[in-house]
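Listed after this line are the structures, all set down as structure tokens.
Shared between the two complexes below is chain A, which pairs with chain B and chain C, respectively.
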Partner chain A sequence: MPPIRDVMPAFELFQPASVGDALGVLDRHGADAWVMAGGMDTFDWLKDRIKRPKVVVDLGMVEELRGIKDAAGGLEIGAMTTLTTVAHNPLVKERFPLLAEAALIVASPQIRNQGTVGGNVSQDARCWYYRAGWPCYRAGGNICYADTPTAINREHAIFNADRCVAVNPSDTAPALIALDAEFVIKRGSAERVVPAREFFVGPGIDITRLTVLQPGDLLTAIRIPATWAGKAHYFEKVRDRQVWDFALVNIAASLNMSGTTISDARMVVNGVAAEPYRLDAVEAAIKGKPRDKATADLAADLAVQGAVPLQHNAYKIPLVKALVKRAIRGEAEWATS
Partner chain B sequence: MGRAVGTSVRRMDGDDKVTGAAKYVDDLSFPDMLFGATIRSTISCGEIVNTHIGLPPEFVVADHRDIPGANHVALIDPDQPCLAEGPIRHYAEPVLLVAHADRRALFGVEARIRFDYRERTPNYDPERSDTCFKQIAIDKGDLARGFGDADTVIEGEYRTGHQEQLYIEPNGVIAVPGDGQITVYGSLQCPYYVHKALVVVTGLAPARVRVVQAETGGGFGGKEEYPSMLACHAAILAIKSGRPVKMIYDRVEDLLATTKRHPSVVRHRTGVTRDGRMTAMDIDVVMDGGGYATLSAVVLSRGVIHAAGPYRCDHLRIRGRAMMTNTPPNGAFRGFGAPQTQFAIEAHIDRMAGALGLDPLRLREINALRPGDTTATGQTLGKDASALPVLREAVKRSGYKQKRRAWQGTNRGIGLSLFFHGSGFTGAGEVKLASKASLELTATGARILVASTEIGQGTRTMLAQIVADAMALPYSSIEVHAADTDAVPDSGPTVASRTCMIVGKLLERCARDLRRKLGKLTPAEYFTRHGAVVVTAQYEPPPGQVWDDQRYAGDAYGSYAWGCNVVELEVDPVTFEITPTHVTAVAEIGRAIHPVMAEGQIQGGTAQGIGYALLEEVVMRDGRMANAQLTNYIIPTPMDAPLIDVAMIERPYAHGPFGAKGVGEMPIDGPAPAVVNALRHCGFDVRAIPATPERLMAGKLKVEELAVESFS
Partner chain C sequence: MSPDGMTGAPGLQPGHSRRNFIKGVIAAGATVSASSYLFRTTIMGQNDGMAGAVERLITLDVNGQQRRVDVLKNETLAMTLRYKLGLTGTKLGCDRSECGACTVLVDDVPRYACSVLTHSVRGKKVQSIEGLAAPDGTLHPVQQAVVDGQGFQCAFCMPGFVMATVGYLKTNPSPTRAELAHGISGNLCRCADYNKILDCMMVAADKSRGA
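Our next item is the complex of A and B:
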């Protein structure tokens, strides 16, 4: 127990004013560098002294990373655009209300004013053993403290746990996957574009990270194609407290309707696995079906196949089922349940 | 007369707090000041056999051998060391103190100190503990006869968890040494408790020890006893180094190391007739005291006295035990044992009503205490006993009967709770305290001299209102002296809903006395002729108040405040999220000296009670709080608090200032059982709090089966 936590430890601070400068600093310092966007995740790590980077690269001065612009009927959102801006932007609200709703429900107004969309998708796991500095798998050790017989794990994973049972806590990540977004990552002079789903990684691939970002990488923008603009959508977040709280489970869905049947769908839940959990089987099964109770029941059962609860999180299974039903039936499920 | 009392005058401390001018302890600084930190045990049970310290000499390090006086924190029992000498009873027990002139030098200091332990198997279950801090037995009538008169007997077990006080300002003190004396400034509720503890630990004469309260950002009981420990730590470092030492906890340390509300297990066995009359109550109360006795004995005492709720029953037996476990000590928290036991009886009443096929409201009306009835301890209630008036007002205001019918079988629920809370110390406590309050004439009015602290609840304002009216002077002419043990008499601790009723009454007596002295003169005229004059009043019990501490019988409190809550909520039928939508809080408090602040107490206590019922869970893992952060230990925000409709009823208490009783604690007794009873109305059997959605999900699956025995 550190006796004092409220003062920043020493580190070398860079505040580049351009993407080029930022990439240069990241390239020079490699694994020693910590990329900081709004700081909402970073400050906890640094003040608790659990992570001790030598170099912090603060992107706050890089204006070119902020802003939302039209891109062929879709949108390109700078990684440093604040969640408040995303939530209230007229283009986002008009084309992708799913993302606007997800951004508007993150944490609290103060955190949304400071926190960015790039930071929200890149934030680290909230597992409290990990955050408290226990030497777990995710921290480079060889045990998962959240998966022991006496562990406290009501917030943890029900899907795809592989040694580590931490979950991805982001609210915007499932929305972006459900909109087929792409993430633009720069490194030195190179640029690569990664589908949103592939941006996130589970412990089977890399147990120490939640995303593909490696030292030297910079997430610069998120592109959302026009595909799902104006389509039906559903977002819901279940949490203990109605503000300033992470999701126990959230769900993001895009539904393309032809008449009364679903012609295509994306459905993603978060808070249940180390990466946002896309419900492929559900998406396939509901194609060509109406948004009715039978479809909802079918989807709910499919959604939780393969779920393995821990001691204290079995409630997440009926919760996921309930949210999938609601996503399919929309407001109707509220009225009839 | 009557110009200030009953009106919501401007708060005396308001401007300074709003503008940031008010000085809290971390705003204070002294020349050559060091910063102190506490090195704590990392095991829950065992002994320290070796200590390895790898610190350079510029660090001041102190252990128990540096204590000039006796090594215990003076409270009720001398069992708790100020610094561990070897044996360890709980995680985060203070062992060493470290100080340095540069606060940053203390980062990571604990990593340079290592303890070798001999560990023993800890016990975290109060019901398996072999150490009992306190047992209390209350007996009234003939229990066997009471059960004989019953048609059925209904049993139930009810559990409550820890709760953190969560004052916004963490614990903090500064100790300033000098010439054989010591002064401590701190965020605290009870200056004379800290004074007493410092005298023991420093070995100094009482006159050489001075305690001054800094502005304090909330307490809720959490700064009743813990500041004594922290003040002693700072004093030990200050005496050793000869320099002022500041110690401020951050939130994590404050959550891990300081006291919380006692978890409880309460078992009821109640005999009741078919028409709903309670003939026998058999109640067993177990409280988890944590590692040391601290205030567990008196928390248990208030808990058992309130365990039968505001109901009449001629034959009852109450047994209470406060047990030791290897967890950080539990202590004072608003309500002080009564929220736990009244949660149990109020949840039990609704279960009994269900078993009898009666409306819970009807069952309460039948059994509620009326004027002239006797409580569990045999106290005969006066005319101000207000169980029925608050119940009826709450039912009327909330539309309870209509909603109860209309919402039957839906996902909306409405539930109520009826409760009471004794004002002031229990039994002979006030007589033993023998509190004193003084009033000093000034050239412009009068200055209040008391050790009762302003911790956000409005002490200064409320006391000045009482004095102003009793002296027939304007409110603005009354000042309040800082709570400084060198300048003010011991008016007792700021706890137990006693400051208004007890200390306010002492000041009312002082004021009337001073007014008589003035005769026809104004304060200015009298002051010019005679100079300053100070009058003092000492507590005297109301005539006829009798308490037998051996039999735990008699007049437990001078008076009781009465409350009724009606909670309306919605349960999401698939996620089991609970949304409280409205609370009706009716309180009978004698007289609202300052209506806005009194309502604020009820609003705040109700919100805190909603948190207790639904959100606040201290997760203990291996004897330590695993969720010691505000991201994981969550309290209600304004988004989680429902609309709270407060109604105050005033039935003056003859021995309170202008009729006032205590109001601070009572509001937290009612919300949790009302929430659980509203959930029962929605079809959920909840007997433990917090009632989280996943527990609700489990409760929905099992249809309740009542333990009903037929005696006929």
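Our next item is the complex of A and C:
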């Protein structure tokens, strides 16, 4: 779609200065309100006239949503903390380098300077049929344009597709799941804490959104427990070009080593399903095994069981296998990042 | 459409120079601002008095000057700088956070002005390419390095690259070439002059340190 050069369609703008005020505005405007964090996902939707919210609630003035603080050996990260801050924060780098590495290779420097960790996990799907405004399942229609014989679906799902074949594009989401993070969501005067894995939903649960966030909900913080602080980790993102691009596939792994064997593990890949895809079978199978070739081969085969490729994305199956092997063996082949 | 987005702009007649047209737009902007000020109560009446509601008439800190300007709620910083304040050194390439031509500094941090709501920079310091040189006209070391090294071919992307470099050098004054390449990787050059640009910007880093 060629860029539209004039200003975005008009909306009412609110810039609350506190979480309380933000929740008040959201409560009052319900489904008409659009929550904007850094705006890096928002502006495309608005400029392309695909989504036209009546009310935009810009969280940029809510200072209490920014910052990283110690929480019993773990960390609590405000949802509006920028990706640049997360990537360079000494506490994050010391305890959870997995998250720092994931945040550092999102998009471009300017986008990381403005984009937030809350926005990165809450961003919408990148399927271009959906983003171009086609009336697909995810947009409330009853067809998928990406899963047809002539569709371009090189970037789409290989796991758990259900009518919609879009994938979750986030880099920090798999890292946070691999760290057993919890997401704090406020609504009115209520607060609930959702495990990272349950924050994301597939089309079987709700085909029109990628997360549990409903109108009126506000993601305020991400809590990472001390569990995986200082443990072995692996993160890698494969993309077509080394700046701006979303992952074709990324992988985040936390490994707790007992001597030379793996005593516990978390392994999550993204870019392959509508929600970050946790490799439960791999995690179970590699317990008590060393980080060697035999374990890696076993894990790679387990990881892709049940994969169903589309016309143009079968390459993701060997790609997932390769990344799982590298995560287990710890052979980083870093691209410039 | 022309790179600066002027083609097809209303009121642009053959024979009128681009500069005069821009002056006209600035004058019109000033008129709009003035009338908004006169009818301030009406403007306020548009808000429903809720916490977080915004005023259209705001004061921005741009290049060290306080600029009073009437800003739409859906207006981006790039639009305000170019078409309300006449600071056309900030270029609009993609308008989608994908090229970096509109890079400016907000509180010393490089940001894509096409993807910043002007209302969100209230109370912050905005610096565009026009604000880099000293008041006596002495160029910023990064600008001087670009002039000396002639690192750009068409130079449409140049203001964005310069601002991204100035911002990055504030966080890492002595980068390696690879670090600098990563630091300013959020800017594209369609002439693909990247090596020459990096040559210039490495010299710029030296000049900025006073080396």
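Going forward, the second predicted complex is superposed on the first by the 325 of 337 C-alpha atoms of A that agree within 3 Å, B and C clash if a C-alpha of one lies under 4 Å from a C-alpha of the other, contacts with A are read in each partner's own complex, and residues count from 1 in each chain.
The rule is simple: a contact is a pair of C-beta atoms (placed from the backbone, for glycine too) under 8 Å apart; a residue touches a chain by one contact, two chains touch by 3 or more.
In this text, all values refer to a predicted model and were calculated from it rather than measured experimentally.
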item: Which superposed partner A:Val238 touches (first chain B, second chain C, both, neither); value: first
item: When both partners are placed on the shared chain, which of chain B and chain C touches more of chain A; value: C
item: Contacts of A:Met40 with chain B and chain C, given as first, second, both or neither; value: second
item: Contacts of A:Val7 with chain B and chain C, given as first, second, both or neither; value: both
item: Which of chain B and chain C A:Ala17 touches, first, second, both or neither; value: second
item: Touched partner set for A:Tyr315, first chain B, second chain C, both or neither; value: first
item: First, second, both or neither for A:Arg49, with chain B first and chain C second; value: first
item: First, second, both or neither for A:Trp134, with chain B first and chain C second; value: neither
item: Contacts of A:Arg154 with chain B and chain C, given as first, second, both or neither; value: first
item: Which of chain B and chain C A:Leu323 touches, first, second, both or neither; value: first
item: Interface residues of chain A shared between complexes with chain B and chain C; value: 3-5, 7, 9, 242-244, 337
item: Touch list for chain A against partner chain B, complex; value: 1-7, 9, 49, 126, 128, 150-152, 154, 238, 240-246, 312, 314-315, 318-319, 322-323, 325-326, 333, 337
item: Parts of chain A lying in touch with chain C, wherever the complex brings them together; value: 3-5, 7-18, 21-22, 24-25, 28, 39-40, 43-44, 46-47, 56-58, 60-61, 84, 107-111, 113-114, 242-244, 336-337
item: Residues of chain B touching chain A in the complex; value: 37-40, 42, 92, 98, 103-104, 106-110, 250, 252-253, 256, 573-577, 615, 619, 621-622, 626-627, 629, 631-632, 634, 636-637, 639-640, 692-694, 697
item: Chain C to chain A touching residues, read off their complex; value: 1, 5, 50-54, 72-76, 79, 92, 94-98, 100, 103, 109-112, 114-117, 119-120, 164, 168, 178, 181-186
